[in-house]
Amino acid sequence: MSVRLFSRRTAFPVDSGERTSALLQVRGLVVERGGRRVLDIGQFSVRRAETVAVVGPNGAGKSTLLLAMAFLLRPTRGELAFDGTPVTPRRSLALRRRIGLVLADPLLLDTTVRKNVASGLRFRGVRGRQAGLRVDEWLDRLGILALRDRHARELSSGEAQRVSLARALVLDPEVLLLDEPFASVDVAARAQLVDDTERLLRETERACLLVTHDLDEAGRLGSRMAVVVNGRLRQEGAPQEVLAKPVDPEVAAFVGVETRLPGRLLSVRDGLGTVMVQEHRVEAVTSLSPDRNVLCCLRPEDVTLRPLGRLSPPSPLTSARNRLEGRIVNVASKGPLVHVTVDCGALLVAAVTKTSTLEMGLRPGDRVEASFKATALHLIGLPG
Amino acid sequence: GGTASSTSHSAARAPAQRVVILATTTSTQDSGLLDVVVPAFEKASGYRVKTVAVGTGQALKMGRQGNADVLLVHAPASEETFMEDGYGVDRRIVAHNYFYVVGPASDPAGIKSAGTAAAAFRKIAASRSTFVSRGDGSGTETKELAIWSKAGTSPKGRSWYLQSGQGMGATLQIASEKGGYTLTDNATFLTSASKLELTSLVEKDPFLLNPYHVISVNSAKWPKVNKAGAKAFADYITQSKGQSLIAGFGGDEYDQPLFVADAGKSETELK
Amino acid sequence: MDDLVQITLLSLGVSGLATAISLLIGLPLGTWLALSTFRSRGLVLSVVNTGMALPPVVAGLAVAFLLWRSGPLGDLGLIYTPSAIVLAEVVIATPVILGLAAAGIGQLDPRLQLQLQGLGASRWQTIWWLWREARLSLLAALMAGFGSVISEVGAAMMVGGNISGQTRVLTTAIVLDVGRGEFGSAVALAGILLALAFLINGVLTWAQLRKRQH
Amino acid sequence: MSVRLFSRRTAFPVDSGERTSALLQVRGLVVERGGRRVLDIGQFSVRRAETVAVVGPNGAGKSTLLLAMAFLLRPTRGELAFDGTPVTPRRSLALRRRIGLVLADPLLLDTTVRKNVASGLRFRGVRGRQAGLRVDEWLDRLGILALRDRHARELSSGEAQRVSLARALVLDPEVLLLDEPFASVDVAARAQLVDDTERLLRETERACLLVTHDLDEAGRLGSRMAVVVNGRLRQEGAPQEVLAKPVDPEVAAFVGVETRLPGRLLSVRDGLGTVMVQEHRVEAVTSLSPDRNVLCCLRPEDVTLRPLGRLSPPSPLTSARNRLEGRIVNVASKGPLVHVTVDCGALLVAAVTKTSTLEMGLRPGDRVEASFKATALHLIGLPG
Amino acid sequence: MDDLVQITLLSLGVSGLATAISLLIGLPLGTWLALSTFRSRGLVLSVVNTGMALPPVVAGLAVAFLLWRSGPLGDLGLIYTPSAIVLAEVVIATPVILGLAAAGIGQLDPRLQLQLQGLGASRWQTIWWLWREARLSLLAALMAGFGSVISEVGAAMMVGGNISGQTRVLTTAIVLDVGRGEFGSAVALAGILLALAFLINGVLTWAQLRKRQH
């Protein structure tokens, strides 16, 4: 045992702080598929009792990462460790049995719903009444108990996806690897499922790697968020932080930072920088050094609008608040919100609730004052 | 079950090697003769016979390679070579029957009046009537070729001369379908005549004699050969019990017996 | 030597033609069987699969009954011609191709048919693309069909007659050689036959793999 | 021709108003699948230049409806008409060729991306350079031009879905039938695609039937919205109307009306009803007659909150505005918004922007005033 | 009559055993061939498919060379026993089952394997479920394999010897009858053979359809 411990160390020197907490860990992972390098990740891990939400554009390599972390794709290079143990082909089955996997495509087996959900248990030698009860419990929790004797080919897409989810959840695995698990689930059930999953993960202290295209879902379920673009891990951190402070323009665009304006950071004093964006001078909290080009990132929901012109009272002064005046050029509905594009020289996008839009009577052509806090303005350093 | 009973049998009767492999030509099997003789021999001797009915060539080849213990064949010329090469011992005559030259009842070549097989073959060649040869290296083909050479013609390559490369039954069928002539042993012909549109046109020519010999494979050359078994089989069919079975075979079904038992006679005596 | 070339070509021609005809019959019927859902489908499938167990000599016998002078088609004078062999081999290969094609197509995702029709495919275009999707199985079916006839001997003997220079094919020649005890020659002929089959299989396999690199 | 017109009339008497506009129409449609009746729809149609968004829970029968409208499922009963012509098996191919279909599962053909996208054109006999250019144009518009020589099996799920979309769009069909066409597409591309699709449908005046689980998408793309529940068409109408005025409690729950409180409609005067909800008296615009049980439906985004207690100025009076005081019991993040549940005797849910939540410092336990307009409160008549 | 029962049972036993052994060899190898991606896979596939074209008599000859007294395994005394027939028939049926199984499994969605492993299936469990998914094709493969040996005659003749009461099976009995011109009896035997095959196919088809109602 001690020998293995030793050899493990040499094979995969993990620093002691991580060893205790990282359940699933990759290092120097390079994966090639179809002759193309689709993944190249230096270091990435999922810790105990943590949900990591992986987001990124189509074809970024999210599913590939998930497959690799389930030991299902032999990477071209790189080391994987599960619970501190390096993953070798010989050990991979045993380790894989501590994982629950949901692929983007349900890929149900050609049998009944019940047997599909029971399959993972059967693979682990769990059968009989005990297994049956667990299966039925999960079918019930996913709202598909009535379908249990249906053939898997006779399901709607959402039903199939729920079966696929039940199939993984019934295993009560140490790590859940979920690839867009709710994509075909209807709104109502999805809200319920996300809530349930969150509670489940929290209560059972399970680790989870969730690939999703829904940033909201990522934010709600993820204790951390990882952004993969073009096969590389671009950013990792608390969801709020990733959303608010993307590290590069591509990530910024991806996480929904609609306002991305190039500017020049003139000076920084006590962490408060002054940026020249076209003819405007705005303030931003930053740790960058002055005299460089920056990209000013602003989430639409951080921008508030106030109609001007119609005897509006002077706006209350708040500390370090930027104010720009401009004219509305576009109003577009986005779900419960309205995205209003304001031309203040540079184009700013603000998210306003429908009710406010109506109450303020925002229409293209109107003059408005757009304001945002210095903390809301995030600067990304650009070359030059 | 087979092995269990075989051990108990061998204990009772004690032949050292119980299995005898008999390689024979298809005609003996197709006629049904062996179905009568072999079980009787097995019962009388305690040997188990594996009868392998194959082409004459293959039967002799099996003898040459020591893959059979005893042969029952009817190709005198090849048999003699076989003996001369030292692969066989103790060649004995068992029985004979005759070859017939058969053809359509209309007899387009007019061979019915020919008298001898050689004359008939000359007429067939002259009229370019269809002739179906076995062409399979069998005793029958050997005999046919002997007749052609006696007739002084070489039919090989002629358009009217077909080589079926098959057994007697199939060859007769082809001859019947093609309205052609062929040479057949009388046993096969008689057993299948009812399905054929062929009649026997030339028979009783002494040259058409078809003798069957039993040959034991030389155990000096192939030590694995069941020498005792081979001898026992050869003895059985050349002695009274076997000979009477052969002589009586087919007599009830057809007008004439299919084989004439000949044991003890010499080659010259038959003619 | 000339003989050998002629026998080889005849084998190839006869078996090739028989396989082609069997494909023409078996593929459409197999497709229909795989896609339809009528009640007695299981029964029909069983009958077809039973056909795979039809001994060649019985197929030969059946065709012979037809073609013999005494038979209903006797007047055509086809017995002991290559055409007769082709006919008998069609009887042998058709159930093989039909049954295997039905299985291969039956294994496709049933929604694929809907997707194709939804893209505006006509009945024939749909079937064509389903064949494409099942091509791995269909090629195996084709090869099994071809294999069953290029290697069979009972029917070729029975209805072809193994007549030298006319209906002697590789397998009947092999059997003849074996009967003569000329094993070496038999093995040589078998070598030619297998080389032929390998060549054909190689070409088809290559074509199939080329289209389907992983 | 006139004979056919006549027989068409007898076979399928469509009223003249509809005949001109209804491109795709079903009547008395009953579909059974796997021996179960999964669809039973009295009358439904898609008109020219109109996009109908079909929404509903999983297994409701949306995909089945779409398949039936593409003449791909033989209905147990019912009549279908395309462009006024009854659909018969003989005619179905020709009619189907005027349709573009995207199923929920991409089901790509085992060939290259390009050939996949060209397949529909090939079926219609369009080949050669012309076809190639059209294919490439659509690959480009969907951002997958670089993948054109890839084998369809070597795609990520989002890439595959885009190929499936391109395959239908390249046909420029008279009707587009789309089943969750953007489910696996990443956020950024999805926003773009929805915009593009909207513009495309508007500019080319194409008809479209869109099945989706994204109500926002349904609202943005759909000129009408149809709610299918349990195989039946429950409601049809302008998206705003369906969202704001669901016809029954089930639809209300499905379209995201989070506040659904039973009450009693006491009186109605000039279309303004007074409803007793527990101890509260609220006003609602309604056409129901008084003295009956009702369900009060309120969308979260129609409720505004104002913190109380900390020397708040009296709220400005607005006409017919309902005000309820209560205590916050829950604050949950939903995307860019926060859903705040307020206990005012009855539970109300309000959607507030993140910024407002922070600025107002809303926390569970705080006392707030929830207000909503009488027009925002929708009443559903209940039995009794 | 007794004879007939014995011949029928022997046919069934020999072919059944040969098919079973071929399945044991062909299915795992076929699965491996379908799932692996090594370079010369196409070549191996071609060789296997070529095996489908192996004439039974050649298979028989090869086994005879082995088992004859003069052969390397001559001392076992297996020649002209049912075991010898089984051996030769295994040679015949294995490529059939192997090739068709490889095609059937190769047609499955490659992601299915990943999904199964992701659910915690061991190598064997994965393979077992892949077989389940491909069962339509695998049953067809089985039937084709069984069909190929229950109907073959060349090998049974060559290595079995068609010895009455010992190694005479239905096909060799049919050939014997045909050789004797007893066509009626041959057809009757063929009827028995086909009835047998139908019974077996029927049972298997029924089992397969039962599991897979549309």
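Chains here go by letter, A, B, C, D and E, matching the order in which they are written, and residues are numbered from 1 within each.
Note that a residue touches a chain if its C-beta (ideal position, glycine included) is under 8 Å from a C-beta of that chain, and two chains touch if they have at least 3 such contacts.
These numbers were taken from a predicted model, which means no experiment stands behind them.
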{"item": "Neighbouring chains shared between chain A and chain D, ordered by label", "value": "none"}
{"item": "Shortest contact path, chain A to chain B, counted in steps", "value": "2"}
{"item": "Chain-chain pair with the highest tally of contacting C-beta pairs", "value": "C-E"}
{"item": "Whole-Å separation of chain centres (CA-atom averages), chain B against chain C", "value": "37"}
{"item": "Centroid spacing, where centroids are CA-atom means, of chain A and chain E in whole angstrom", "value": "54"}
{"item": "Mean-CA-position distance for chain E and chain C (Å)", "value": "18"}
{"item": "Multi-chain contact residues (two or more partners), chain E", "value": "110, 178, 183"}
{"item": "Residues within chain A bordering two or more other chains", "value": "105, 151"}
{"item": "Chain B residues counted as touching two or more neighbouring chains", "value": "62, 170"}
{"item": "All pairs of touching chains, each written as two labels joined by a dash", "value": "A-D, A-E, B-C, B-E, C-D, C-E"}
{"item": "Chain A-facing residues of chain D, complex", "value": "33-34, 55-60, 62-64, 104-105, 150-151, 154-159, 162, 179-180, 183-190, 213-216, 219-220, 253-254, 256, 300-302, 304, 333-337, 351-355"}
{"item": "Residue ranges of chain D touching chain C (in the complex, touch as defined)", "value": "67, 70, 72, 93, 96-97, 99, 101, 103, 105, 107, 109-111, 119-120, 122-124, 151, 167-168, 171, 177"}
{"item": "Complex contact set, residues of chain E against chain B", "value": "68-70, 74, 77, 79-80, 161-164, 166, 176, 178-181, 183"}
{"item": "Residues of chain E defined as touching chain A within the complex", "value": "109, 111-112, 114-123, 125, 129, 132-133, 211-213"}
{"item": "Of all residues in chain C, those that touch chain E in their complex", "value": "37, 41-43, 45-47, 49-58, 61, 65, 96, 99-100, 102-104, 106-108, 110, 134, 136-137, 139-141, 143-144, 146-148, 150-154, 158, 170-171, 174-175, 178, 183, 186-187, 190, 193-194, 197-198, 201-202, 204-206, 209, 214"}
